[in-house]
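In the two complexes below, chain A is the common chain; its partner is chain B in one and chain C in the other.
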Partner chain A sequence: MRYFAAAAEVAGREEETFAVDSATVGALQDDLVARYGSGMTRVLRNGSFLVDGVVVRDRARPLGRQVDVLPPFAGG
Partner chain B sequence: MTVALARISAEPIEADEVEHAVLTAADGALVTFRGVVRNADEGRGVTALDYSAHPDAERFLRESCARIAEETGLTVAALHRVGALRIGDVALVAAVAAPHRAEAFAACARLVDDIKATVPIWKRQHYTEGVSDWVGL
Partner chain C sequence: MPAAPDPARFARQLVLPGLGLDGQGRIAAARVLVLGAGGLGSAVLPVLASGGVGTLGIVDDDVVELSNLHRQTLHTAADVGRRKVDSTAERLTPLATGTLRLHAVRFTKENARDIAADYDLVVDGSDNFETRYLANDTAVAAGIPLVWGAVSQFGGHVGAVIPGAGPDYRDLFPVQPDPSSVLSCAEGGVLPSVCGVIGSLMATEVLKILTGLGRPLSGRVTSYDGLSGRFREVEFRADTDAAERDAVEAVAGDAAPASVATSAPAAVPASAPAPPSASASTSASASASEEEPVTAQPDAGQPDEITARELDDLLTDGAPVQLVDVREPWEAEIASLPGSKLLPLGTLADRVDELDPATTVVVYCHHGARSDRARNLLRSAGLPVSHLQGGIDAWSRTVDPSLPRY
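Right after this comes the complex of A and B.
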């Protein structure tokens, strides 16, 4: 996992490695909220994940070996 | 339809560079958008913004430009700044050149919307009362 911006602040780190029970975006979301609480809920509410170079939000989507946690985009 | 320029920059960005990149002798219209740091957001005073980008942000910016170039058949370009910005600093420059103004205005608006929606860039906003928070959470 790599964490960016608000996600890194909530997690207190920029990366870590862990195993998830089921390798889907949804399972990872639940795991992250269990680990980091309401701050992570706030990040993920309108956030997304980068899996194999693609931005994903679908809970059923399978995970890759590396996943980035992306808070809501705020460019411009 | 071409992407003339797509770059994430830690240095101040200039509209001139983006405009020169898109403009050709066949264009009668050049529309440039500048996104500027303003001094208030949702009723609170703002003093500064810190922008940060994902390492792949430039690829997403290029893909966004390519999407709009493909969709409109026009030449487009964009620069996005990151780092510590103050009030009045330019955070984004997006430009589109076209034979006529209507299509250039429409394409530039689409480009800015697409960049905001698809490029992984974040900003932390510093408020006049001394606190700061991430925008968009």
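Right after this comes the complex of A and C.
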């Protein structure tokens, strides 16, 4: 897992490695919310969830080796 | 248009390996549209102006506010209440060697296409998602590169979109967020230096794309965290299912890429703006684009397009074929077909005479959009030519999986 911006703030770290029981995107997202609370729910609502470099929105999709959580910014 | 600037003014960038008079000529011929004269604009615009960009367009409908001044260094306390485009023009005029064009309007669905039609590249330094998605969609539809950057609090990120050669902003952020759910600079604040960091990275991407130097941040996002002082990179690509669907559509509809090219004749990424000395080639490629719908009828004996498998058979049989790669040098470095000649699309009109008019030509690019245009250009020059359906990506998927995809 790599966390960016608000995702890193909520997780309190920039990256970590862990094994998951169920290898779907939905299961991992539930696991992240369980670990890091409602802040992570907010991050996941708008942030992109990239599995091996592809943005995935379907919770049923299988996981890969690397997941990036990248929130969008609007500020200029 | 002012007189050509003294080359001595650009001596320290002319001497850079790979830039030279040719690169400076491309910068001087380029027309760059910058959305937003705010924090990012304050970092991007002075560099592009002093670096020699020929035409610099500035879109902003805001007036200067006191709370802008800590990071928007184009404006001063005396400018509060004035239109941002006016204070920007005052600040940039002494720096610029090219022309400034002011668009004191909001960039909207209604005017975006018309405004962008006069430019070769779009820089998005806006402050809201609506403009960000519109900037992406407008650049992609016009087939011109986009450099985007955004900041929030202590960090920011930056990327580039090269239409036809990589994913776009929607591949990274598919859904436009509800503005109330994401912190704005007004709500969350922003460290002024972060605008400088991200804006400078954006200007660097612009100069790279204009001159063809290096490898643009296409399919990659550079993320900066000011608190840790660390840069990290996220590589991304379009969803494969979606990409394959797009490839099929591009192959099915010859008309689609042609109409995009017609609406934006100067829409060749990377090497589009030709040096002033080569203005004839710009008009040559523009007229070729306009002729595209007419050239839909195939030449006798030479099919419009060829599949990767058919090309493989042809090469295996030892048939005489001139294989021409119309992508940019950085793409050829990642993967190319053996024995091919690199003639980037922007240079093709000038270099037609490097090809033998008596031998079959097969042109290819990344996904087939640029080679489709190259095929039309070469055909109007009288060459027997086909283009590779689905580009080198189709080759990697169906003929040689060991060839890297990007």
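General observations
Simple rule for what comes next: the second predicted complex is superposed on the first by the 71 of 76 C-alpha atoms of A that agree within 3 Å, B and C clash if a C-alpha of one lies under 4 Å from a C-alpha of the other, contacts with A are read in each partner's own complex, and residues count from 1 in each chain.
By definition in this document, contacts are C-beta pairs under 8 Å (C-beta built on N, C-alpha and C of every residue); 3 or more make two chains touch, one makes a residue touch a chain.
Predicted, not measured: the structure shown is a model, and the values here were computed from it.
In the superposed model, A:70 lies in contact with both chain B and chain C. Looking at the shared chain after the overlay, A:43 reaches chain B, while chain C stays out of its contact range. Look at A:54: by the touch rule set out above, it reaches chain C but stays clear of chain B. Once the two complexes are overlaid on the shared chain, A:14 sits against chain C while remaining clear of chain B.
On chain A, the patch touched by chain B and the patch touched by chain C overlap at residues 4-5, 42, 45-46, 50, 53, 55, 68, 70-76.
Against chain A, the residues of chain B that register as touching in their complex are 35, 51-54, 56, 80, 91-92, 112, 115-124, 134-137.
Touching chain A in their complex are the following residues of chain C: 36, 38-41, 124-129, 132, 149-152, 155-157, 171-175, 177-179, 181-185, 188, 190, 221, 223, 225, 228, 230, 232, 234-240. Contact residues on chain A toward chain C in their complex (touch as defined above): 2, 4-5, 8, 14, 42, 45-46, 48, 50, 53-57, 68, 70-76.
Partner chain B is touched in their complex by these residues of chain A: 4-6, 9, 42-43, 45-46, 50, 53, 55, 68, 70-76.
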